[in-house]
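One chain, subunit A, links the two complexes that follow: it is found with subunit B in the first and with subunit C in the second.
Take a look at the complex of A and B:
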């Protein structure tokens, strides 16, 4: 089995006048499900394009198993990039698209693809451009999963899917991953629903990698501190505070990292409770300050 | 997410606790096989690595053991071990919290004891 550890080495990419990606460095652990998170415009889709070899970095390189991805057909054929919208497919019929996919991806599972098209009732005859947004997303999902690619990139796979289909997708993803473990990188803004799927998360901010860490480890470092505003006042302004809110004279801080005065806090009756993963991801993606520094100080990433 | 709570406690810990509950209540008898990590992952809709972490937590404590090539099984004496552990946690989780809440409400120890007696009747 080849090593498909995926690595971005300080990559830069300008799109028009915008520095879309700058100094992005990250290594994706192989055979794990990764969540790629960040506010819109943070560079998630551009990063996936660069990883897939469909865009060339201005500086730096993307490697898989130590080999550059760019202009390397042996590697590129093992990477499947399932986009939310596939412009190139517009004029083609679903059945033809599936045929292209089977030619492009050496490990294509045609039986599985046919079964999924049937299960999600995606019609075979219409042209892609005439499909609903939901069916277009499903087609991308089917491409991604049926490719069985050692590196599978899913960009906003749940776009336009209703709640029931999204739930079906999450189940499908887990069962398919269990049977065919591989590196899956999934970008999404539906953090609430997908938080529990990810073994690792990669957080992007303003075109760079702000954090990359194991989900459990990150969650273990995040706590709410709740007490009277007076008690908590001396700690306001700490860089480790992700979020703060007050109700009357009660204040709650979402705190990421070590708590220096834990015993004191407890004696003071300040409640220290864990932050649900979904909430934590929301705070992290909302952050405007550079979260990377906080995490580096706390030895989390 | 099915059945696991959203209180922020680590998910692998919650998976381990669900298994402990099953052991205590006899749904997972000693020497019986426990579901695979992939089955746990599908059932709770969580990452299989997280489910594996929950299972391994109980393996480390000698509550589950691995039969090579077959799967995970409930160890002999697991029920007693889990009960002992959970009784200790009971004090931390429930008694301490209850006494603190009672103090806040001005309930005296005597009244608290009476309430417990009443609840037991």
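Take a look at the complex of A and C:
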């Protein structure tokens, strides 16, 4: 298998008057599932467009295996970007879209695509614009997985899917990935649901990469400290606190970074528990400036 | 090479149904023109059919070039093509389409010239050079395709104002430059080929194709709906 290590080299991109991407630098480890997280408007979709070569960076470059992506047919054809809503597909029937995919994706798995269409009951005859939002998302998912592209980008793939179909998608993604390992970058807002999929997490804020690390590493660095307000009072000004809440005499701190006297804390009756990824993400996006400093100091990113 | 063939197959697959419906409609229109008008002006029957077909083909070219510029570009980019691949495959498709549709039109003229006298039509005795007809029509349709391709490219990249602006300039320039008052039965009198000979039309097409190529070098897929 060819090495398709994907790297963004200090990318800048302006869309209209908005600086959508600002000094974004990140290296996506090959053959892993990456979660691309960030609040709405953080630049996730723009970054995926840049990676796929559909947008051209104002500055910087995207490379795959050391080769530039921009206008490189050997690389671009090996990148599949599946969007939740494909405007360009609106006027085509599902069967035509599948035909186009089979013509243009060099490793297209037609058998797998047919099986998935059947399994998810996506009809072949209607035009794309007449499908439900869920079926449109499923079609994008099928495109992404059946392309067998070494680099697969999935932008909000679960948009409009009900809980059962989302669960089916997560299972399908994992089983397909285990059979056909490749680099998958998945942007989503449903973090808790999909957290178990991600081997790496890339956090975007205001157009830049705020953090990129292994999921376990990030989760391991973030913990709740819960105890009496009196016990935790000396730490309240610490830069590593992402969030604090008090109820009566009990205080809970969301802490990012190493804890110097963990044993001592436990002996004092302070509970130390992991922070769910969704909560961590919310805290991180609230405290962007502070986080950058902490992450830099803790060598997380 | 395989990718190029796949992209040509894409263009063919994208337009084949439209082409089928279009062909059927044009033949019906031709029958209607012959039955409704040709019988009263049998000497002009061929010119009437040609005029009718020219208008229909021009409209069809407008349709497919608009779809190629506005829709096929993001579609192909989303399916792993580069801008250069899209540009060359589109250009090749338009050239092949122009040559093929002109050939079909020329063959229709040849067939009608043989068949209509058998049905009692007294055609004029003008000698038709089928090779020249094929060539001049190919040049005409390719020039139209390039102009509309440029218009749809401008519309996609810079908004509808630029595309319509180009069409307006085209129409006004024809109005200003045409040498003789066109008659209704002279199909080519309303085009640039009436003013420039076919090989100049091909040169103009090449120039417009270069402009399109330049525009596509930095074209981006629209990221919002």
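Quick note on the criterion: the second predicted complex is superposed on the first by the 285 of 301 C-alpha atoms of A that agree within 3 Å, B and C clash if a C-alpha of one lies under 4 Å from a C-alpha of the other, contacts with A are read in each partner's own complex, and residues count from 1 in each chain.
Everything that follows uses one rule, which is that a contact is a pair of C-beta atoms (placed from the backbone, for glycine too) under 8 Å apart; a residue touches a chain by one contact, two chains touch by 3 or more.
Everything numeric in this text was worked out from a predicted model, so none of it was measured.
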Ask   = Touch check for A:46: first (subunit B), second (subunit C), both, or neither?
value = second
Message = If we overlay the two complexes on their shared chain A, which of subunit B and subunit C does A:99 touch? Say first, second, both or neither.
response = second
Contact breadth on subunit A, by residue count: subunit C or subunit B = C
Inquiry  = I'd like to know which partner A:91 touches here: subunit B for first, subunit C for second, both or neither.
reply    = second
Query = For A:54, is the partner it touches subunit B (first), subunit C (second), both, or none of the two (neither)?
reply = second
Query = Touching A:212, do we find subunit B (first), subunit C (second), both, or neither?
reply = neither
Request  = In the overlay, answer first, second, both or neither for which of subunit B and subunit C A:80 touches.
outcome  = second
Request  = Kindly classify A:165 by the partners it touches after superposition: subunit B alone (first), subunit C alone (second), both, or neither?
outcome  = neither
Note = Within the complex, subunit B is touched by subunit A residues 32-33, 170-171, 174-175, 177-179, 196-199, 215-216, 219-220, 224, 273-279
Key: subunit B - residues contacting subunit A, complex   = 1, 6-12, 38, 41-42, 44-50, 53
Task = Using the touch definition up top, name the residues of subunit A that touch subunit C in the complex.
result = 15, 45-46, 49, 52-56, 71-73, 76-81, 83, 85-89, 91, 96, 99-101, 103-106, 149
Of all residues in subunit C, those that touch subunit A in their complex = 2-3, 6-7, 9-10, 13-14, 71-72, 74-85, 218, 220-223, 225
